[in-house]
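Labels for the chains are A, B and C, by order of writing; each one numbers its residues from 1.
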């Protein structure tokens, strides 16, 4: 399958030619495939924020290419602009970007910039609001009257309303409590399934990533040291720890159990469901 | 026992339009022992931040009373005494750092208290050492990482020599490395300096480090005890939108499938041990 | 990038100029500016230029950094220059077209005006480059403290200034972030006519102001929690104290001012 979005030899150097010169990305090759749920993990300053801002053309590569459907997004002025609509980016703490008088108008900001018809804008706003679980009567409220969690939903709906083929979210659950966190992750999953969209989730939480994504891309020191299924990535537990990333607690428990000599064959259990299943099977006498 | 903070049947409601009428704190009675490490857990809107703001007279109770070291927080004459006894650290480090240079910021509170210059200098140096930020004394705060900024904010409060610090979700905006640094700092202040710590959080693994865990919901205290005991109330916690540490969750799910494991494993090591022993038997 | 703005930035260092008491530096700049407005001839400007160059040299602030700070005022410089060019009416006529006349007097006025502005800016920049904002406000507060007697809120003004300085980088960063976020939703800050551009700023300015107010509110609470209760009874980490070098610097500054005034009023130079 062809990637929907990819980077080839992507380099980014900040403040080039000054004493503050700093390489944020160093020949990075990243791919995302249609309908795929990708997780990007890396600590602050690893280059992951810089990477995602290249994916929708907010930042221009110092060197290398960003390809959407195989075409360089920097081909023309129009193509860079289009890239923003095809690749939606939800920043960290997106609630701080709300500005309109009503929730409805704020969600409509993106679609309006796309120059869509009024009817189409209306359909998209209502649908996007539905995805994030906003009620009809909330649409006419001022976004500043809402609670923190609701503001976050409005901001995410504002990007979803552009109906991007690729939706990138930078720490969408930061600062939320467990219930709100689960709700937002479920909203994102809904959008992915109904639009067959590609999702790129940037997160610090290993548990969250392990639970949600098909594939994990690790970013560290301006490069991608490894990527793969959660199983593959979490098997690099020592390297992850050295990068300050760590692995899910469940995985740690299982590693410890194996060290203690329990006959667990699966060398990388990373979800709660798998963990319970493995232990129950072991109890039944079968080998996990 | 000696109590540094006492809340007696405290109730509170915001008077502004949006939140009109809703009771944010509903008859909270709580006593914080001198030298203890208490975590207050609850989902957003449970009243935990409002509770924190009552602990050093940022908010005054609508009903009931709050005493800091025996002084009622309603006593305006003693406001400075209350504030220097109970220091407060907030979520966003950017919005609590006043000065352009790290050491000047740490000096801010002692300056306000009229501490002599030489003593301020001593306190600043000692406090920065305590939070592990001595080498950044001359740096500009906006160039530091989130975790470093938050440690400066903590130092800024500790320099007052408070007997208690209340931290309102101090790690919510930090990455895992920054979070760990801040938690380690808080724990050290409690263990080595004997400073009472009240940590407001919704992270289960942070709450697990405390000596005592208070769970809030709809303005009421619904659980109160050592984390080991509170986390065993898995259903009660889930019912109010909270989770339990993954280690407890794993044991809980095994029990639901017919095992009979104790639910008090908070660390990976403890959890592995519990499972290992059960499967050896 | 917005982050590259250097206006009023402090370059840490440990030179004589850095070590001078901030009050000395503020007074010296004041003296320098007064002298600059008295100067009428090449000789007076020459004296002040030497004074400036020696200070720059001693401070080890590169000429490049000083010139980079000039960039934002280039337009103003050119504008003032041209205006003065046509304004002067004395001397020999060099050029005449309709109502526009350029005379040698005009050229001279324009030249001195540009030199004056350049020197004025370099001097003040040297002050901000070599004095940390916090020392600068301390110095100002201290110098202005006699005004407290006539109910001028000197401490409050100084505190406001130092907080403003503290939050400039934070707000610049925030502006950058909001701009990126709105661009990601298709906002266009660059094209269209003036009205379009002004309208395009709404999605940037509203969140910026909302956030600034929230920050102000939280900061006020945090300051109260750290026992801030105005300037009364407040001590300082760093006590300002004049040293020998300060008296020497002030003496030199005074001498320069006297020299320029004598030249201007005594000899008409």
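The rule we apply is simple: a contact is a pair of C-beta atoms (placed from the backbone, for glycine too) under 8 Å apart; a residue touches a chain by one contact, two chains touch by 3 or more.
Small disclaimer: the values here were computed from a predicted structure and weren't measured.
Contacts between chains leave no pair untouched here, as each chain touches all the others. Here A-C and B-C were compared by C-beta pairs in contact; the pair with more is B-C.
Note: centroid distance subunit A to subunit B, computed from Cα atoms, is 30 Å.
For the pair subunit B and subunit C, the distance between C-alpha centroids works out to 43 Å.
Touching subunit C in their complex are the following residues of subunit A: 15, 53, 56, 58, 81, 84-85, 88-89, 91, 94, 96-99, 109-110, 113-114, 144, 158-159, 162.
Chain contact summary for the complex, subunit B toward subunit C: residues 56, 58, 80, 83-84, 87-88, 90, 92, 94-101, 103-104, 107-117, 120-121, 124, 138, 140-142, 153, 156-157, 160. On the side of subunit C, the complex with subunit A involves touching residues 4, 174, 177-178, 180-188, 202-203, 206-207, 210-211. Across the interface of their complex, subunit B is touched by residues 12, 132-134, 162-163, 165-166, 169-170, 173, 214-215, 218-219, 221-229, 233-239 of subunit C. Per the touch definition, subunit B reaches subunit A in the complex via residues 18, 43-45, 91, 145-146, 169, 172-173, 175-178, 202, 241-243, 245-247, 249-250, 253-254, 257, 259, 268-269, 271-272, 275-276, 279.
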